[in-house]
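What follows is a set of structures for review.
One chain, chain A, links the two complexes that follow: it is found with chain B in the first and with chain C in the second.
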Partner chain A sequence: MSLVIRKYCSIVNACINVDGKTAFSDPEQDGFKKFIRAAYRHFETDYPKFFKMDSLSKLGFLSVEVLLKGESISGKYPIEKTGIILTNGSSSLQVDEKHWDTIRNREQYFPSPSNFVYTLPNIMAGEAAIRHEFRGENTVLISEGFDAELIFNITDLAFKTGSLESCICGWVEQYEDNYESLLFLVEQSGHENMVEKSEEDVIFEPSTLLKIYKQEL
Partner chain B sequence: MEELIKKLKVEIIEVLNLEEMEPGDIDSDAALFGEGLGLDSIDALELIVLLEKNYGIKIEDPKDGRKIFFSIRTMAEFITENQK
Partner chain C sequence: MKPVFAGAENIISSLGFSAVENISNILTGNTGIAIDDSGIYFPSALPLSKVDYAQLENLFAGTVPGEQGKFTMLEKMFILSITDALQQSNINITSPDTLLIITTTKGNIDLLDPDLQKEFGKQRIFLHEMAKVITGFFNNPNRVMIISNACISGVLGIVYGERLIRSGKYRNVIVSGGDLMSEFIVSGFQSFQSLSEKACKPFDKSRDGLTLGEGCGTIIMSSGADSFNDIDVRVLGGAGSNDANHISGPSRTGEGLFLAIRQAMNLAGIIPEKIDSISAHGTATDYNDEMEAIAFSRAGLESVPLNSYKGYIGHTLGAAGVIEAAISLRSMKMNMLFRSAGYEHHGVTKKISVIKENMEKEINTCLKTASGFGGSNAAVIFQKV
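Let's look at the complex of A and B:
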């Protein structure tokens, strides 16, 4: 069994790339919040709950949305065999701090329920899973930076143990105006539901992930 | 009352992140939950916090929430009756 990257999507520096080609760019937007809102509208995403998400979930959600545009994963694979495995450096620190600000002063103790529900990075994966009805492996792991070995090992293991037949995996990092995401759509080569391997498919292995991250591929 | 209703609409848009809406888009008498604004259970908790934080009113019995949060107008009437 070999795993292939069917498609990949990155969001960094006010630019969204799909398979290395620019799908949306808006360098004039000042800061993450304005950029992500402009990108949401550009891709004509109809999901009002997006606006209620914290910034990390917005980035993860939109990354998955763009990655899966035009794909029919749920039609090809059982939903319980489709998963999402993400890695991230700052966890949910930004919304954690926002929550802390609402509870640090006992005289002004007004925790916001809508902030509190996002004080876990797993919620980002959950939002995408709810939207696309993935019911397979759903994990967010914390690492200091983009870790190709980690992403590969966890995803590869999930395929080898038979837990998954398709997976969205990668890196989604956001803290204030620093943001970066790189997601891969991974499928099994030779799987009955997978269309025949094309020249554009890339072998899913750590060195390839790193090359894509460094934009060397 | 109308001033309070206008203020509530602005506050609700802010705390519930209803970024696509303007105060004028919200019907003062329309249902906030269900078919109205389509708010959810987390939004309901957020409205309870809003009443306490901005108006100093604590809802003692959560069952009262259904009546109080039916619409912007019922919220405004509750605030008017209960604000010290």
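Let's look at the complex of A and C:
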């Protein structure tokens, strides 16, 4: 069995690339919030819950959305065999600070459940799982920066144990003004459900992940 | 494929600082949940399961003299917990063969407080910084693995540790899960109205919410059967899943948890009839316990003795999976089923067999499950050799 990268998608500096080619860029460059909304509209996403999400979930959600545009992963594999394995550096610190602001002063104490629920980094994976009905393994790991070995090892083992037959994996990071994401759609080459690509398959291995990371982010 | 053994349990909770102390309190029927009216965590009084910080500081001063000021409260828990686990094993934490996995939901979240932040620096809030401090303390040469996946973090740590050893990537994995009681967490859960005004009562008819806890648990896994001093228990395998239903509410059908259990049983090569006990998640919220009961019932596990340890130590979040697995390993080694504290009258629509009294029973195979925010579920299976 060999694993292949079917597709990849990166988001950084108000620009979204798919397989290395620009799919959307926002010339305004006017901060993350405006950019992500413009991107949402550009890809004609129809999912009003998007606007309730925190910035990290918005980034993770839209990254998965763009990656899967034109794919039909959830129809191809058993529902419990598609997973999402994400890595991230700052956890949910941005929204943690927002929650903290609502409780730091007992005279102005107004913690909100709609804010608190996003104080976990795996909510972004949960949002994407709901949207695409992925019921497989769903994990967020924290690393200081993009860690090709970590992403590869965890994803590879989930395939090797038979837990997954397809997976979205990668790096989604957002804190203050900084944001970047790089996601890979990984499938097994030769799997009966996999639609073969016309060009050569890109082998899923740490050196390839690192190469794409350096090229994209 | 290498077999994976597990042992060397440590538990730091409101019931003590070692597995022995925690188990002894559970056997006696003591709960660590008490009303907290300090005002530190919430404006009004609430039941909480708190670690005794004065004793923690004493133990830390005895273990690492003169270094108290260098570490946050949670880091001290991790260091003490891992130190105690290492003493029950002959593995070498400084070897490149040994990986450390840290599982936590919020890490040093108390450092959002400006006064504490001044003391330790803002950088320490980042989970990778906290994890580096811990791995640095023990001189472990590998890049520490950090799992922050809500309340299933601990179980996932065990699942991934098993896979990493089985595939030959590491000989030993130390998985340590920890989370701290904080105003941050208490206010958030209270805003969800998911906290009970009394000690939580998992699976009981009168349950009305969870009780928050704090603590740290550690388990060591190894491909070496001779890594531990006592009876060998194997980790057969585990899996994760997602409900794909709601980010903060459990699935009504139990589908996600059922899938995780079924997948874990498949990977472990175990049929439901072979499972002797279940350590459930059992938070004591209305919807969660009902969801779990449906999932266990669908998985054919209605008659398997089951408990939730949250009636003793509350919900310890990212630590829960490791702490509760550690208690389960002890339960297996002792061949003793522990009473599910707080359970009196059956309160879920499906038949499940919640343990009402401590009793002796041969336990060869045990299932541990967890479910959490984000719709995540995980299950892992242990078996005595």
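In this text, the second predicted complex is superposed on the first by the 210 of 217 C-alpha atoms of A that agree within 3 Å, B and C clash if a C-alpha of one lies under 4 Å from a C-alpha of the other, contacts with A are read in each partner's own complex, and residues count from 1 in each chain.
Here is the rule we go by: contacts are C-beta pairs under 8 Å (C-beta built on N, C-alpha and C of every residue); 3 or more make two chains touch, one makes a residue touch a chain.
Every value quoted in this text rests on a predicted model; they were computed, and no experiment measured them.
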item: Touched partner set for A:G170, first chain B, second chain C, both or neither; value: neither
item: More chain A residues in contact [chain B versus chain C]; value: C
item: Partner chain in contact with A:S112 - chain B first, chain C second, else both or neither; value: both
item: First, second, both or neither for A:G60, with chain B first and chain C second; value: neither
item: First (chain B), second (chain C), both or neither touched by A:P48; value: first
item: Contact residues of chain A, present in both the chain B and the chain C interface; value: 111-113, 117
item: Residues of chain A touching chain C in the complex; value: 79-80, 83-84, 89-91, 93, 96-97, 99-100, 102-104, 106, 109, 111-113, 116-117, 119-123, 125-127, 129-130, 132-144, 147, 150, 153-154, 157-158, 160-163
item: Of all residues in chain A, those that touch chain B in their complex; value: 37, 48, 51-52, 110-114, 117
item: Residues of chain B defined as touching chain A within the complex; value: 15-20, 38, 42-43, 45-46, 49, 52-53
item: In the complex with chain A, residue positions of chain C that touch it; value: 43, 105-107, 109, 112-113, 125-128, 131, 143, 145-150, 156, 160, 163-164, 167, 169, 183-184, 187-192, 237, 239-248, 255-256, 259, 263, 266-267, 372-376
